[in-house]
Amino acid sequence: MRMAIRVAVAGASGYAGGELLRLLLGHPEVEIGALTAGGNAGTPLGAHQPHLAPLADRTLVETSAEQLAGHDVVFLALPHGHSAEIAARLGQDVLVVDCGADYRLADAAAWQRWYGGEHAGTWPYGLPELPGRREELRGARRIAVPGCYPTVTSIALAPALAAGLIAPEVVVVAASGTSGAGKSLKPNLLGSEVMGSVSTYSVGGAHRHTPEMTQNLSAVAGRPVSVSFTPLLVPMSRGILATCSAPVADGVDAARVREVYAKYCADEPFVHLLPEGSWPATSSTLGANTVHLQVTVDADAGRLVVVGAEDNLTKGTAGGAVQCMNIALDLPETTGLPTVGVAP
Amino acid sequence: MRMAIRVAVAGASGYAGGELLRLLLGHPEVEIGALTAGGNAGTPLGAHQPHLAPLADRTLVETSAEQLAGHDVVFLALPHGHSAEIAARLGQDVLVVDCGADYRLADAAAWQRWYGGEHAGTWPYGLPELPGRREELRGARRIAVPGCYPTVTSIALAPALAAGLIAPEVVVVAASGTSGAGKSLKPNLLGSEVMGSVSTYSVGGAHRHTPEMTQNLSAVAGRPVSVSFTPLLVPMSRGILATCSAPVADGVDAARVREVYAKYCADEPFVHLLPEGSWPATSSTLGANTVHLQVTVDADAGRLVVVGAEDNLTKGTAGGAVQCMNIALDLPETTGLPTVGVAP
Amino acid sequence: MRMAIRVAVAGASGYAGGELLRLLLGHPEVEIGALTAGGNAGTPLGAHQPHLAPLADRTLVETSAEQLAGHDVVFLALPHGHSAEIAARLGQDVLVVDCGADYRLADAAAWQRWYGGEHAGTWPYGLPELPGRREELRGARRIAVPGCYPTVTSIALAPALAAGLIAPEVVVVAASGTSGAGKSLKPNLLGSEVMGSVSTYSVGGAHRHTPEMTQNLSAVAGRPVSVSFTPLLVPMSRGILATCSAPVADGVDAARVREVYAKYCADEPFVHLLPEGSWPATSSTLGANTVHLQVTVDADAGRLVVVGAEDNLTKGTAGGAVQCMNIALDLPETTGLPTVGVAP
Amino acid sequence: MRMAIRVAVAGASGYAGGELLRLLLGHPEVEIGALTAGGNAGTPLGAHQPHLAPLADRTLVETSAEQLAGHDVVFLALPHGHSAEIAARLGQDVLVVDCGADYRLADAAAWQRWYGGEHAGTWPYGLPELPGRREELRGARRIAVPGCYPTVTSIALAPALAAGLIAPEVVVVAASGTSGAGKSLKPNLLGSEVMGSVSTYSVGGAHRHTPEMTQNLSAVAGRPVSVSFTPLLVPMSRGILATCSAPVADGVDAARVREVYAKYCADEPFVHLLPEGSWPATSSTLGANTVHLQVTVDADAGRLVVVGAEDNLTKGTAGGAVQCMNIALDLPETTGLPTVGVAP
């Protein structure tokens, strides 16, 4: 009989932490250990995550290496800038899965520009759907989980770039639910402001996920890819729908595009190419670790258009993190991860 | 090694059918067989249930006893009035779980008044949380799953009535998401009408679930209980929050009430009494087979108030149906059923 | 030619203040003067109320009697406890309309219990739809605008109590949009928490609007009325739907009830009794100063049921305040007030 | 004293018709005459438009030239293909304002491709914010109101194209509320499907509003403009947020762009350029006849980005129609049209 894998979650009172716990409660191989928080330390988890009834009475402890020590896996769901110190004090045999931004960007200058402060370094990048990444994750003990926007947009565009179907100038407009902004007490995230309204923010290349997309897509394309990225805030809690387009290469038609994507999706357990004529809806991925894709060519405008849907908290954060854990620990990749969304 | 239980779902293109399939895909003991529909027969399931990607290519067949024969379990998710004929033609060893209203009411006159047409009869009532019901379900081969409103309101009020805490005159106002109305093409169910608005319908005792509540609560109380029931339509897809109140009996205080409910919930795997000071939110039960309860006494108004939350499609319909199947087939009652909601 | 009425709004960066300004911008007789705020003083209004484009460049000044002096009308949209000091320093010829709670309750002991601190006193109560109130408002220079819940529930139940149609024991369950809670940075008001969920709060007689309802309804009934009040928080920004019921008096049937309500509504410019068979939806009152009502008798349960809808920010706060100003200043009561909701 | 302008609305039971009536009820110069419908003829307006309480008892009559004759202005809010026959039978002195697509496209081949059937012709195009269009509308007696998407995207991009700030290859992703699809009984428009989900449709150049945008933008640019257009369906009833981008011309920076847009907006009564740092939200335009704009340059990606917000039913349809009527009849252009949205 296999021993349970003992996991800790740092940042358990936030949205990413809560989603990690929802998934881990349904994971057959793990046992949930320490749950840590910042300002909420000392209070019961149930006060912050009322849906996690089985863990309601667990007391949150202070986020520290001491509290996180003694686990097989430590998930960090913290604001950026907090992972390095903790990770340095956890053994190299402990699997540390960072849901924050600290170890995503390889370029120190990019880190400085977008986040400021010292560049912590780079860990194996937790997006197994990108070429070569799954292999890097096997046996890894440090993993940087991608941002929610880069997850879906990289998966959506990688096949086209890898196959040379498009020019390296992509335009991405991604509509996101509000949970992507975390449990932040800002006026523009209040229900009264969000409901019945669509807005935008960080327009014109100002969003921190832009360099991460550029990094991923350039690596796949083998040359620099420019990314024009606009995020939209839409009135729902979870989900991202990314509309991605780029000038289509000469001679590439819809059939060729479909062939490329079908081949790509056939090997990926969590990425589905929808039947022709059907376009993604985020509700189909709600609470599931999946990405739904559809592709077409706009012959008039000369552009390939790919639309991808995901749940930003599941595949976009916590589900992706658990998937990486499964790969790193040599468990079947889909263990404990829902593949069917809660719809309608 | 146990043989897989072979299940069929009649009405697979509707909301209840879709939720049954979502749950059954995650049930470790079942194998999904025939999927039937009415007008949608001949089309692929994926055209109607895009979230059920693993079953997208399955073709819906005509709802008939022939198509449903040869399974261990048949779930009926049909409009009322269609179950009797099908059930009569399925063997007595086949477990038939009816999510419709046909076999819920014991009183033929009540059936006539509320539904019209011939009264089909009564099957064991699929609400194991009511006194004596769980026992009736063990080994049963015909089960009538309750309506979504009666599920949560009966669970919310049964402990108080059983313990004589309240007078038998209850007032229930229950706010429901729109999926409770099914995939009906009516103007008042369009997103444009529903979003940003709360409305009501079937006010003044006109809702068909009223006699079912009266039946359940009177049985628990051992005397007639009058039910004033008002359903609200609120802008969300899933979830019911039921506010239930009644005049509190002399000498009953909040502590006594809490004691009764705590005892009740301790024995129920899917019913949670929230910590004091915390009130139910439907999101905590989204996609889960749970009911969350909280209770208090309004000393000024002299009323006990119980608030209950559920997901109308899960515990309120399909999850309750799977729970009943588990009991009837002597599986652990919680097999394959989520107990943590998808929140936020 | 009439001189413009010069108005100031204290608390202009909040939701009530914003709605006052939206209405005042459309009011043909007023000129908008000082706009004050607390912590937001010194910033432009546009930073807080982006929809009020015509006033975007106005600078918010500190809330103080000095800044508010020199206007014909001063609207106070402040947290409770702040009105007395300001009002004392404004001339008796200035019309002060308080949207807060300070001057609503006549009973000093009730004030102490529900709000704490010293009881400021009582001003003419700004609900002209209650018997005798409209007359008190004519020429008044101090007005206390009712709470949003008491507005719709008092209008819904007053006709029945005045005509002796019901016993004085009412049960009210009112579903409200989140704007009723103001622009408060609390986790449970975040969009991520609110959307897709219904919850409740202040259950069991704990809501501060309860004594105001009791006061209003007892005055109408001429005897003590007990009120069991439960507020629900539903996923929309604006609107309240109140379901009100009470034991119906002997011999009172639906026809008699309808007659009483039709007579009442015929005299009220903002209260509409819907056609038989049609039930209120809050969207029909969105942004309008109206209350929509419907009534029935539940013969089985022996209860009268009245459902009322309003926009909590319009008729429930700012619209009611402007209506009172119109009455006090002897303008036509409907001046500048929308009577058609923005739907769908 | 001016005589009231007598107006009729064809298609009064739909969303565009309802919005026309909401605005016309607040228009000081008009008197509402015949209200016509197709299948709903013979029923009271209140059964379809419960928010239009002042007109609840009006009976809908059959849509026909006979019923529409005898008015000064006739608004047509009908499915495409129905306007020509009616307009031909109304006098040339009657102002006919068509909210449908029939007379929008100048190119008969484009009409054939996108709508099929015979091309009806072209009427003066009701978007006064485009160069030269306002002049064409003065005194006009036939007007074609633009589609909801072309309204906001044409206004958003016209200044940049007119000033040569961008290359003629634009990418538009526009998120729309569901009311843009009309009161259509389709499963994907049900509240249960729409809420909590973002989806897309008519991707890859397949949306009928694409040729209208191409026509408008090419006219402004003085050369062919290619438009890649993707519409998103988001969970709200009203509002469009359009994200528009194109390669920026050499030497054009953010300051130059802002200068161009500020100059443009200064002359337009309904188009607002937001303060720097503030981005549009659709709620700020809810129920108002306004378009809110913001612009920036993404230097990394080399693109100009313009974001525009409108209410699809107001400025995008009915409000634009009333604005055109005002111009055609030489009334002040803003008469009866709200300029402040209902927010939050």
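Read from first to last, the chains carry the letters A, B, C and D; within each, the first residue is number 1.
To be clear about the criterion, a residue touches a chain if its C-beta (ideal position, glycine included) is under 8 Å from a C-beta of that chain, and two chains touch if they have at least 3 such contacts.
What you see is a predicted model; the values in this text were computed from it and never measured.
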Identity of the chain that, by mean CA position, is farthest from chain B: D
A-D compared against A-B, more contacting pairs: A-D
Centre distance in Å when chain A and chain B are each reduced to the mean of their C-alpha atoms: 35
Chain C: positions in contact with at least two other chains: 15, 179, 190, 192-193, 195-196, 235-238, 281, 283-284, 286, 343-344
Contact footprint of chain B on chain A as seen in their complex: 15, 18, 22, 25-26, 44, 46-47, 49-54, 56, 179, 195-196, 237-238, 272, 274-275, 278, 281, 283-288, 290, 292, 338-344
Residues of chain A that touch chain D when the two form their complex: 169, 171, 173, 175, 190, 192-193, 195-201, 203-205, 210, 226-230, 232, 234-239, 241, 243, 245, 279-284, 286, 294, 296-303, 305, 307, 309, 343-344
Chain C-facing residues of chain A, complex: 15, 48, 177-179, 181, 183-187, 189-196, 235-237
